[in-house]
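What follows is a pair of complexes built around chain A, which joins chain B in one and chain C in the other.
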Partner chain A sequence: MPLLQVTDLQVRYGRILGTNGISFSLEAGESLALVGSNGAGKSSTLKAILGMAEWPQGQILLDGQDLRGSKTSDIVRQGVGFSPEGRRVFPMMSVADNLRAGAFTRPREEAAERMEAMFAYFPRLRERAGQRASSLSGGEQQMLAIGRALMSRPRLLLLDEPSLGLAPIIVERIGEIIEEVQRREGLTFILAEQNANWAMRVAKRAVILELGRSTIAGDCATLLDDPRVQNAYLGL
Partner chain B sequence: MLSPILLGQAVVNGISLSAIYILVALGFTLLFGIMRVVNFAHGAFAMLGGYALYYVYGRWGVPYLIAAPLSALGVALAALVLERLVYRWFYQKMFQSMIGLLGLEMAIVFTAVIIWDPHERSVPAALAGIVEVGGIIVPTDKLVIVGVAAVALAAFYLFTKFSKYGLAMRAAAQDVEIAAAQGIDTTRIYQLAFVIAIFMAALAGGFYAQTYALSPLMGERPLMMAFIVVILGGMGSIPGVALGGIILGFAESFLGTFYGGSVAVFASFGAVILLLIFRPWGLLGTPET
Partner chain C sequence: MTDASLSPLALAPRAGGRPLAIAAAVVAVLALVPLVIADKFILSLGSTVFITAIAAASLHLIIRTGHISLGHAAFMGIGAYASVLTVMELGLPFAAGVLAAFVAPCLLALAIGPLVLRLTGKYFVLVTFLFGEIVRMVFVEWKSVTGGANGIFGIPAPAPVFNDPAAYYYLSLGAGVLLVGFIARLLASEVGRAIDAVRESERLAHCSGIPVLRLKVTIFALGCGIVGIAGALQGHFIRYVDPTSYSVVQSLNLVVVNVIGGMQTLVGPLVGTLFYLILPEMLRGYVELQRIIFGIILIIVMAFLPGGLVELGGRALQLVRRRAGS
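On to the complex of A and B.
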């Protein structure tokens, strides 16, 4: 049974369609890039999985269990972590408190242990543990957002545009850290990205979204050589 | 006229007024900071706190140090019904909340008029007698009020700063959607913040009823004071409440002692008007972006 199965998903914001027919599935331990231009439905798909957006049609199964009607906090308790678009760290809280908030669903001792693990992945966060999150640079805030999402040791991590607005060298560094976490913890993740080239090097498989639909899917290695993908998304 | 005794007296009064103002304004600013509702019914809960204390302490004779928190807690828990029926519809809707909760204030106040009639009653003092320190006369009653208020404020500080649910409350105040994405049940956190806010208002209302008088219409002044304190300090800012409460409490006590009560009120409102012109986000608030 796949960890996550999304079938013919339609997300709506009032009368506006966010997605219109997205399907993919993900086994535990896998990594998937959701690639597409602005407005293709990447964020809408992630928000639907988290119960943050209305999806009148389609099906989302987590461990075979239908997520329709579930509250965001309950979905997160089932092991889904989220690093949102635009980072959205809690600006007035310290770095350490941001991380602690990420471990809200876990016992206190585990939170302390996870925080040490996050400081090992992101040494800059240790240096800035007592500082307000709003005082961090964009790259540091992105690391904090990912660290916060990892605090609960999620079975499925959803990353929404982690490369947005960051210098290429920092984007590469974040990719390395995601790969390292996957190696060590067997993390399963979905990476929603406009930066197709980067996302398809970090994840193993990819689904390409166009105008709210999933069009092409396959192994990243294959897709990177596919002329349709090269033309539209890789700028080759 | 600047005798040390008179000054000392004004300081003591200032501390006790500040304690009441901080309590009542803290609940007000919590509801605004976390749920974005402007609680125009805040005074009504202060009034209910006054009546609760009147019965639990005044009539049934429960010892004061138990009666004060117990009656405030009773009001706060009963208010959860209103949270479910009324408040929940206004969360994150600032302007609608003003009108809706003004209506709720009237409904509660005039229900109270029907039940208790509009006449003033008095809540007996916690302790009769006075303490004299170097010529300064301090009613023991006031010491008890300041003590209980200080304990409540310290407990609140420790709770928000060090407890898991306090952390969740701070997170929800800053970004409610992302707080939910940490597994925080924001409906429950809102209820918790609501109970804390109404508890503070009801506790302050009890003190207020003891200091002045108890009547269904007594809530108007605490509401106004909460409003001034919160505007002074900055809407939604907790350190701002502490600062605003101290400024207002001391200003009222000093100006009242030396120039009379009406000057004190005039100066308080005048300060707020000036602040709204030159620094509308308050002393410690942040400008809206």
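On to the complex of A and C.
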């Protein structure tokens, strides 16, 4: 049974369609890149999985269980972590408190242990533990946002545009850390990205979204050589 | 690392460590006051300070979730009337009155919370303002129960011994330590962190798995219940309740106390209470200027000290340390 199965997903914001027919599935331990341009439906898909957007049509199964009607707090409890777009952090709270807030759904003993793990993945955050999150650089804030999402020890991590507005060297570093977390914790993740080239090197499989639909899907290695993908997304 | 980059919340009082020692020292000094000063006026002022401090701290708890309520005095009034009626009409002991003073506003807050706490910013302020007015009008119009605009006279002390101002001083000090201490513990806990997270970014708190609305409603109800107890203590202290004591003006005063003291830490409303109640006493000689001086101070604080008087104290402390260090 796949960890996550999304079938013919239609997300709506009032009368506006967020997505219109997205399907993919993900086994535990796998990684998936959701690639597409602005407005292709990447964020809408992630929000729907987390119960933060309305989806009148389609089906989302987590461990075979229908997520329709589930509350976000319950979905997080079931092991879904989310790092939203735009390096969102709690600006006036310290780095350590930002991380602790991410462990709200977990027992307190675990939070301290998880924080050590985060400091091992992101040594810069340990140096800045007592500082306000707003005083961090863009790259550090993105690392904190990912760290916060990882604090709940998610089985499935949803990453929304972590590369946005960051220097290439920082983006590479973030990719390495995501891969390291996957190796150590058996993390399953979905990476929603406009930066197709990078996302398809970090994830193993990819689904290409166009105008709210999933069009092409496959192994990243294959897709990187596919002329249709090269033309549209890799600028080759 | 510069001091300015430190999170102000990291400086918030935490249970344990030095802040606890400072709090214990302050309480010890306050407990000694009646032994040294027998002045009835000073002791009564002390009781008023403690009761207002409880009310201001309970509003601080709600403010920490990011919602400034302009109806807080209404809940205080509901607590006061609930306790007074329980004691005088039902003939039950003061303890039952205090229980009613907590439960009645708490239940009302649980009923309206899920609706009003969906609103944010100025909309929440406006709705709570209207709510406060509605409650005041109920106090005025429901004459058979509340005594209408005349209020209720001849409220008994919690027990005969509390006719002594020193005894009431200790009663309100004890209640203040218990209730403010409880709020401090709550804010220093995981729940406190979740409260801060909700204020900083509701959406982000939401995706961290924090049940935002449920948390806000619970904290709102708790804050309203605690201010209800403050209302009971006040009613049985002044021996008189009437609608004007719990009008929107009083709600505004509680907000002002929080703004002047500082809204980022629990110390803020405590310092604000002291300032708000002691300063007018010191300006007794200039009755006609009191309001003007107070207004000017308020404007200065809002313009230059977003963190309130607590921030001023913090800056002074930094300056002293830097001098001592160099």
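In the analysis below, the second predicted complex is superposed on the first by the 236 of 236 C-alpha atoms of A that agree within 3 Å, B and C clash if a C-alpha of one lies under 4 Å from a C-alpha of the other, contacts with A are read in each partner's own complex, and residues count from 1 in each chain.
The working rule: a residue touches a chain if its C-beta (ideal position, glycine included) is under 8 Å from a C-beta of that chain, and two chains touch if they have at least 3 such contacts.
If you're wondering where the values come from, they're calculated on a predicted model, not measured in any experiment.
Superimposing the complexes on chain A yields a three-chain arrangement in which chain B and chain C clash.
Shared-chain residue A:F104: touches chain B and chain C both. For chain A, the partner touching the most residues, choosing from chain B and chain C, is C. Of the two partner chains, neither chain B nor chain C is touched by A:R184. When the shared chain is aligned, no partner comes close enough to touch A:R68: not chain B, not chain C.
Contact with both chain B and chain C is seen for A:S152 once the two complexes are overlaid on the shared chain.
In the superposed model, A:R228 lies in contact with neither chain B nor chain C. Within the superposed three-chain model, A:M92 lies in touch with chain B and with chain C [touch as defined at top].
After overlaying the two complexes on the shared chain, residue contacts for A:R77 are found with chain B and with chain C alike.
After overlaying the two complexes on the shared chain, residue contacts for A:M52 are found with chain B and with chain C alike.
Contacts of chain A with chain B, set against its contacts with chain C after fitting on chain A, overlap at residues 50, 52, 71-73, 76-77, 82, 84, 88, 90-93, 97, 100-102, 104-105, 108, 148, 152.
Within the complex, the chain A residues that touch chain C are 50, 52, 71-73, 75-77, 82, 84, 88-94, 97, 100-102, 104-105, 108, 130-133, 135, 148-149, 152. Put simply, chain C touches chain A in their complex at residues 1, 5-10, 190, 193-194, 196-197, 200-201, 203-211. Taken together, the chain A residues at the contact with chain B in this complex read 50, 52, 71-73, 76-77, 82, 84, 88, 90-93, 97, 100-102, 104-105, 108, 148, 152.
Contact residues of chain B toward chain A in the complex are 164, 167-168, 170-171, 174-175, 177-186.
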